[in-house]
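The two complexes that follow have subunit A in common; it is paired with subunit B in the first and with subunit C in the second.
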Partner chain A sequence: MHYIFDFSWVWDYGPVILKGLFVTVELTLVGAVAGVLLGILCAWIRTLGPEMLRPPVAAYVELIRNTPFMIQLFFIFFGLPSVGVQLSELQAANLAMIINLGAYSCEIIRAGIEATPKGQFEAGAALALRPLQTFRLVILVPALQRIWPALSSQIVIVMLGSAVVSQIAAEDVTFAANFIQSRTFRAFEAYMLSTAIYLLFAIALRQLLNQMGRWIFPKVAAR
Partner chain B sequence: MNGFDLSAILGRSDYVSMLVHGIEMTFVIYLGSWLLAMTLAILLLALRMSPMRFGEPVVKAYVSYHRNVPTLVQLMLWYFGIFTLLPDGLTSWLAAHNAETIFAVIGLGLCQAAYFSEDLRSGLRSVSPGQMEAAKALGHSYLSAMRYIIMPQGVRNGLPPLINHSVSLFKNSSLAIVIGAPELTHAVKEIENLSFRTFEIYLIGTVLYLVFSLLIMSGGAYLSMRADPMRSARA
Partner chain C sequence: MSDFTTWDILRNLLLATRWTLVLSLTSFIGGGIVGLAILFLRIGKSPLGRHFARCYVELFQGTPLLMQLFLAFFGLGLFGIDVPAWLAAGVALICWTAAFLVEIWRGCVESIPKGQWEAGQSLALNHVQQMRLIILPQALRIAIPPTAGFSVQVIKGTALTSIIGFVELSKAGTIVTNATFQPFVVYGFVALIYFAVCFPLSKFSKHLERRAAAAYATR
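Moving on, here comes the complex of A and B:
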């Protein structure tokens, strides 16, 4: 085996790689923020919200948690146009990631809410807060604090899952690696580079989320 | 587009047999990579707990790599990268023996081993050290204490995450389409290209994955119920 590594193409394809990194970061950011918000909404419905909305939300969560992300993405990108919903690659990728993280984070956040002592709800009521105020001011923040580590690792998993969007030609890091290897035939080097990018990004994202946890919930860290 | 019509796919025996073959291959990849992952996970755990000094950093690096790089990219690195670096004889043998499926099993198995070994480790760590001391006091040797006292409790504690990760391995088997393994997602995509019944075929694919992962999950739930020694006391 005499393989000669050749990374000389990196400079020529720098813009492609940067574009890919930008798309991956954008997808992660939008997916994480909107996905967690959707998760909070669903968790609220499943624990305290209107009863009639609970079965559909439960069905949504089970549907997403028990099917591959790839199939969800293909359904949105290839399947929806035949019922009249046409989305661009990036829109479809964003939507799929939000829907996916929404279901997973719903379950995580729900666990946090269910672990809240009953006294918290009663205390909120005793302070004359309306149910929604109690949820927002008394229940949600400690619940998020409790499940922050699980939520952070789910966000990282969704970021890693975003590599799949290259399959519908959304131009992320993996798409860039595919593009480069099809032009230069340096497959091993191209995928090594994308591996390194994801590795660094995932580790940085974990650190960032840990730091955010300390910043959003300062009191518990001190305790 | 014509109206919604599932029979356009389910009514045709060629499409149905493509789906059945896809399901078979998905299970071949799933079971193969599950076994590989579990074997490796046990080895990794043994290496990590062994007194050898290099054990822990090596296992940590292994786990960190496999958990921080997309499984899809790992598969691509195996199939498009490492495959081409192998000696010619091995390459041509693999190419003649479903290289796609073999590399799907290797890639998914190595990746999942990182998750499984962490699950097992957290299960073992939750067994209190007093258990080992008590077992030693009762005259168990280290190995027999491990076999009869520590492992049963540790594996039981690690079961819930192990089951979750077993389901996610099943879903991840759909990633094998990117290296061309002929599994269920591949069959779905092919039928889509042939029939243009896009919505229907993705619906069928979704339902199939849903049914099988719910089956795996309920199998796991049954297993952890059976493994719970307190079940008769609680019932």
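Moving on, here comes the complex of A and C:
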């Protein structure tokens, strides 16, 4: 193996990489917040919500969980314009990530809700709370607390999955690496650098979510 | 331009599905073998081995599969090999699958009560014998449902190999789209084919899980 590593291009392409990192962070942030909210809504429908809505939500969850993220992204970006829905690369990437995380987090949160002792519902009713109030005030928070680790790993998985959005020319970290390797012909180095960035971001994100868990559910730390 | 019927589209996609299945099966079996080897390091006695296994898992679970594919594709080339896409795809997917299986299986091994190890020890079995005769047979039963569930992730993971040029279902979808200009129909079909493969597997793994839970409850 006679290969000389060359990272001298890094300084020239710093802004490109930073911009890529910014896009990846933005996609992760929007995807995580909106995705989890969608997941909570779907989990509510599947456990306590109107029966009529349950089959369509179940179909959505199964369809998303059993198809690759890349195909969902391509369907949204390339497929939807032919039925009149035209989205920019970033909009499509955001939408795909929200829809994807929504389905996975629905199942995770549902498991948390289903593990709620029956007494909790009865306690809510005994305090004359309406069903929705019981859900919001009594059921949801302990359920989220129960499944927070699983939800955190799913958010990290979705973040790593976002590397694919470079394929529809959303300018994330992977896109930056592709761009650099096409200019410098230093493919291996460019991908090594971007892989390192993803690894550090994944570790940081996991730490952040752990901290957030401790902050949102202070009882966990106290126990 | 020639016209494509729906059947033409579907036929081409189904033909390419074979390669998705072959690659999934290869990755799953290869990943299982590599995963087992790393599992033994992970739960073994050598601190160096345990550390290596931990780093391996962290590295492959903490980076995008797409990056691993790129690095395999361009990295193997550094050794002067002419890397065909299927080779890079196979290598990357096997390493990636192994990392996840190690963690799944480690959980299963660790869920075996410590008394079982001690019982083996009191029968004068050595570490390998304890593992082979007492722990693994029990861990295997627990491991089957989550392993079957993970196979779905492997199948979905193979979709990314289209990006380094391996022609499987997703790549065929792109090729057919470029020929027919009907992305809505083509990617719709592609999604349905993945669903048709993955959904029964998901259901099967759920079924196994429920059966295992029931067996555990009646004990």
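Following the convention adopted for this analysis, the second predicted complex is superposed on the first by the 223 of 223 C-alpha atoms of A that agree within 3 Å, B and C clash if a C-alpha of one lies under 4 Å from a C-alpha of the other, contacts with A are read in each partner's own complex, and residues count from 1 in each chain.
Note that in this section a residue touches a chain if its C-beta (ideal position, glycine included) is under 8 Å from a C-beta of that chain, and two chains touch if they have at least 3 such contacts.
What you are looking at is a predicted structure, and each value in this text was computed from that prediction instead of being measured.
Undergrad: Will subunit C clash with subunit B on subunit A after the two structures are superposed, or do they fit?
TA: Taken together on subunit A, subunit C would clash with subunit B, as the superposition shows.
Undergrad: Considering only the touch criterion stated at the top, classify A:78 as touching first (subunit B), second (subunit C), both, or neither.
TA: Touch partners of A:78: subunit B and subunit C.
Undergrad: Go through the superposed model and pick first if A:199 touches only subunit B, second if only subunit C, both, or neither.
TA: Both: A:199 reaches subunit B and subunit C.
Undergrad: After the superposition on A, what does A:35 contact: first (subunit B), second (subunit C), both or neither?
TA: Neither: A:35 stays clear of subunit B and subunit C.
Undergrad: By the touch definition at the top of the document, which applies to A:213: first (subunit B), second (subunit C), both, or neither?
TA: neither
Undergrad: What is the contact status of A:191 with respect to subunit B (first) and subunit C (second): first, second, both, or neither?
TA: both
Undergrad: Show me the subunit A residues, by the header's touch rule, that subunit B contacts in one structure and subunit C contacts in the other.
TA: Subunit A residues touching both partners: 1, 3, 62-63, 66-72, 74-75, 78-83, 156, 160-164, 167, 174, 177, 187-188, 191-192, 194-195, 198-199, 202-203.
Undergrad: Enumerate the contact residues on subunit C facing subunit A in the complex.
TA: Its residues touching subunit A are 59, 62-68, 70-71, 74-75, 77-80, 152, 156-157, 159-160, 162-163, 170, 173-174, 177, 182-184, 186-188, 190-191, 194-195, 198-199, 202.
Undergrad: Please name which positions on subunit A make contact with subunit B in the complex.
TA: Answer in residue numbers: 1, 3, 62-63, 66-72, 74-75, 78-83, 156, 160-164, 166-167, 174, 177-178, 181, 187-188, 191-192, 194-195, 198-199, 202-203, 206.
Undergrad: Which bits of subunit B are touching subunit A when the two form their complex?
TA: 1, 64-65, 67-74, 76-77, 80-82, 84-87, 167, 171-175, 177-178, 185, 188-189, 192, 198-199, 202-203, 205-206, 209-210, 213-214, 217
Undergrad: Please output the residues of subunit A touching subunit C within their complex, sorted ascending.
TA: Listed in rising order, the residues are 1, 3, 62-63, 65-72, 74-75, 78-83, 156, 160-164, 167, 174, 177, 187-188, 191-192, 194-195, 198-199, 202-203.
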